[in-house]
């Protein structure tokens, strides 16, 4: 990830968490004190956020050195040492919470994504949605990719998803697709949301590149996939976080998109055990 | 909440989600089209985020009117209508995702907080931590209050929590508390983290205003509470999201702080059912 | 265009042009003076920028009223009155330059685009590129659309264009396309730049959605179009601003992309003739 | 140019052009790949933008080294090598477009300015105006200086130009000049726009420091210059981009200001030929 | 003053003073409570900051109405009622401190400036310097004008002041002035700092528009003024805040610039007496 | 102080003071010129702002080296050399004013604070208020601490001070304190403003942690302190800048808060004597 993307997010986070200064650390810890510590997994999962943690401490300053024992995207088991950290004690104590909040959140997303990916065959991709934490989408979508998932469109400006109200406003699926085609860059595919086979047929005839099968049961999805016959990508959608993914995948869809990957994240428990140097350096 | 607090968060969210424009809506929906709709609870919970949703649509423009059938902080049951919305179709379609992402997240926090509050007697407060989503802390801590919980310090600049490394650096609990007392505003209380009765005793002698009982079992906490005897506030901490809160409260602590309230949020499922006006207005 | 998109651009422009205040106007023009005026075309062209001008004066304040006699995207001829403006004199004098700079620039782009569009049959689209003025891309791409052109990808994050160096790094066209397919959202098409028929063949076999024919002569492009046979979109590229567009289009390409539409813009001459009220109001 | 001036412009440009990441490069080019390349002039002109290009790549990171074979402000001929670049391939591919967009635009302005300067004797300065691209004025005015031109006021806050409406509001040229004199810093000169000899006389009598001769023909300008007799600076203005500058200068004016230098810029064609390292490093 | 100038300053001030919310007011004062109050002068002085106070409350919202009994720039005596305020209690309590801080500071500057202006004849202007509070210069220079003073250059980009080190670097006063003349807009005057008659002579010969007489005693200044004989503006400088201004003015200088007007401001004591409505509305 | 706190303030200050560039320096001083100089105290006082000055020059760049001969918080006497500076001449000339403005202001605050601290016994703390310069509070409160003073709450979000209108709105001191206790973090103390012994008694009964004695005379304060008997902290307030601090302290209060420490600051006179290198390096 580029620093000019990360920095506004991370500086905002540091300013939110530290404000005008860390009262406790600045009063108790001398400015030149050193500390060292270890990031330790307290649960099994997938590690995500290495660059983010590195950048948090780079932005704080204080010559903080990190040595990662696990690499980005690797499995960690409860008790595993993930990384070593050493440097100025004030800097590390100030950055600790911001670094952990992001590392745990991103690792939580990657872990859940990996579980979903493992539940389906390779022919079916697990994708995210726009149901993300405002301000953190770029990190969350990165975490989904780290977990082996695929990204859906980043936002309303870089993908087209024609839903029921767009169709109603445009006067039908065909005019809606045609209107989008006229307006959007030729680099962008057009996806249409459908809820039954009749709509699927219309979407196909309108030339949709992707057909979303929304809130259909598995049998209906299988029927839709058969009807489409490879003429468009198929995406299963609708509370997929609560469905049996293997059976959805068995319907033959190309993609299953799951909002819960990012809207209901369980943080991966990772701790930072620190030991301040109490001897003179 | 003040607009000058909300606006940077919400404008950032809108720019993230809409980018240079909503390709689908701008191509399919005429600029003067009207739409109306209903926010509906798809699960039981506590509503939180009314002001945020109102402000999202105010920032987008388009004369969007919201009428709330449930008020902030009230219980909603699956199927309940929460609010009516009407106005310019493009505006509502553009704001929908940002509004729902925040409404569901904040309601999820309020719901979980309310459950924790209900599990303990009134004499024990449920508090949040700094384990929040970077950039959203002010909204998340508001949601905790809406759910009946209490806020812990907002950040490192407005509260003192002396932990093991601060103590080691300062040369003991007493010098650490004294150093903090000299440095921090007289309006700020001083909290010391302890993990055994010996440390509790030292914290008491040092004049700590609040004593955190960290990762103690219930019996140990009860002993600490007895030892403290009302001379300081007591706060139970350490993976409290996975503990039996009633028994923790039974130890007599004043506050239980729970990171999971904000670090592992399950969104409350709320949908927005929209109907575009297909007849001329 | 959404205000949350326009405002950062326009406020930045106003602050750049007005700085800490308009010395001349604030010293010579009383605060309550009124002025009225007319935007007049001094050359033939296509009008673009109505919303931008409206928003400039809304951001300044001062109850400025605009009445547009020509609508967005319409032809204007030298001497045509485009819009009437009336309101607080200080506000209008302060906003005049920013409004005109953008109106003339955007109208210049729209005018040039319309000329290019007129030079080719309807089956061939005229598209822009990323050769835009830093900070103004969203306005410039809007102006291209207003002129009847099509937008290419907005930026590096919402489209894929695999060029020679990407191919070299990936080890060939096929692995490059495969790598992109794995990484990018399924909503994004994949375009490959080619400079000869051999590369076109490889791109086709790799499953490229769009094939750019870069710096080919017309005969070579016609050969490529025949070879592709509708299995991918075709885009002609390479100094197209200096080419005979009709003959390029005759090669059968779907899209001609022209950097000069935005990198070498000739402003459309539009003046604002103002008359201050010298009589007491 | 100072980094605290450049950085907001360049970071804004990078974020606009790269967004959340470069899909193509990040999928096709390994993170540690190296690339080297050459900036080459594709047309004759004047080079401008060296610092800007250097800063673009510094902001991206990636240990990009630039070696300039031509220095800022020097003539380049078609085919000339301008600079060598080498470093991390992802960094260079991401920064390429932003660097070139600015380098070509600034060099285009410098080239056009140099041509205007060459058309008039040394006694006559060529100056820019406020008809600049919003957000880029500081770079464009720098490019005018690089081309040998002079800068007019930067904005409304650092110079006074009293035009017809200011005069009407103030009740005449004399009261307008007096009002400005009272209000503005004593470090700022006062310029009055005139369109005939009568107004020139009034401006002189009012003590104007600079008299703009607006839309006068050459003979009229010569008359005005004679009338003024060195008691004020004289500036020719009004579509000067389309005039014969030598004959305007022959009227004896001190300054000719030309909006077209910045409002209708033809980019100087400069390419960046890159070769990725396909051998292991 | 323009809102796009004021707003960044005032929003920054409100966010600094209110942070995530006003704990006291939000807990004690119901959201719909009304309050009314009076701004009262507690000392004699000159009022400055009316627009700023109005804008503070406009930015907060809450339908706050202000009625000014004294107008901007008018004298106030201890005990005078300055303005009435009424509206939402939370809004007024939140904005009170920011509004007063600025009103008192600006009025303090205006008061001190007016005293200095009163100490010298009309032929001598009292000017400010760049010794201002970082971030507040635009407000402070406005306050100086409100007090009857004149502004010196706003910053390093809109005026030229050639000091000893510039002269040393350029190789003398004459080459320094010539270098500046070549580089700076023709709208900007050139000022040279001198400390003795020899330097005054050189500055005159170099064609300086303004000659600063720095740290000279009154006799020396009178000699310099005589030597200059109206061929340049003269400015007395150097700890003028501690000098007898009448005698400095008697030396015949055109301008006396005083850093202390803004670097050592004594706030004008103004209080806001509020009465909350304790009866139901 | 953390760079992410300082940088927005200092970059804002540099942009305000330098704008688009330093006309004088850039025209007179070659880009590679070196300069060296000395910061010298022109008056007695307490030094404050070392980190700020260091950071100003770090942000400008130009390899500026500072060697401090006096350390932060130390006494300086008129004529003392404070620091040596050496490096690129343009960088130092550009940063000089911003660095000095802050150094003099912060040292002025520290000096005044130290004087107040010296006037009272150690048992009484001198505290600041929220009467600070908007945008500079974090620097000003740091300067108060450097002068030996104590900080009051930073803003409305991190401390509670219940005043007359809060009391009126809440229906009395007791309900006001109770309302605050319910809402605010348990880490925050609650302060109540009182103006007579009756209110003091109510505040005590309500359980206030701190009782402000506002505008009481010394005898009244002594009575209040006796009444309170150590059950709450006591703070004297109300134009304390004009009171005899020793006698206020003699009343036995714990804290005296003084708005004038920051609202009416007299800058400490510090000069920077520079010598440009006129010999080739």
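A, B, C, D, E and F are the chain letters, set down in written order, and residue numbers restart from 1 in every chain.
One rule holds in what follows: a residue touches a chain if its C-beta (ideal position, glycine included) is under 8 Å from a C-beta of that chain, and two chains touch if they have at least 3 such contacts.
Not measured: the values here are computed from a predicted model.
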Subunit F and subunit B - chains in contact with each: A, E
Listed pair (A-D, B-F or C-D) duplicating the A-F contact set, over half by residue number: A-D
Between subunit A and subunit C, centroid-to-centroid distance (C-alpha), Å: 33
Inter-centroid spacing, subunit E versus subunit A (mean Cα positions, whole Å): 51
Cα-centroid distance, subunit D relative to subunit F, in whole angstrom: 44
Multi-partner residues of subunit E (each touching 2 or more other chains): 18-21, 94, 137, 154, 157-161, 183-184, 188
Touch-based graph of the chains, sorted into line, ring, star, complete or other: other
Inter-chain touch pairs (all): A-B, A-C, A-D, A-F, B-C, B-E, B-F, C-D, C-E, D-E, D-F, E-F
Subunit E-facing residues of subunit C, complex: 11, 14-15, 18-21, 59-61, 94
Partner subunit E, residues of subunit D touching it in the complex: 125, 127, 145, 150-154, 157-161, 183-189, 191, 210, 233, 235, 254-255
Touch list for subunit F against partner subunit E, complex: 9-10, 12-13, 16-30, 33, 35, 89, 93-94, 97-98, 100-102, 104-105, 108, 130-137, 154-163, 165-171, 176, 179-180, 182-184, 188, 260, 263-267, 274-276, 278
Contact footprint of subunit F on subunit D as seen in their complex: 1-5, 137-138, 141, 154
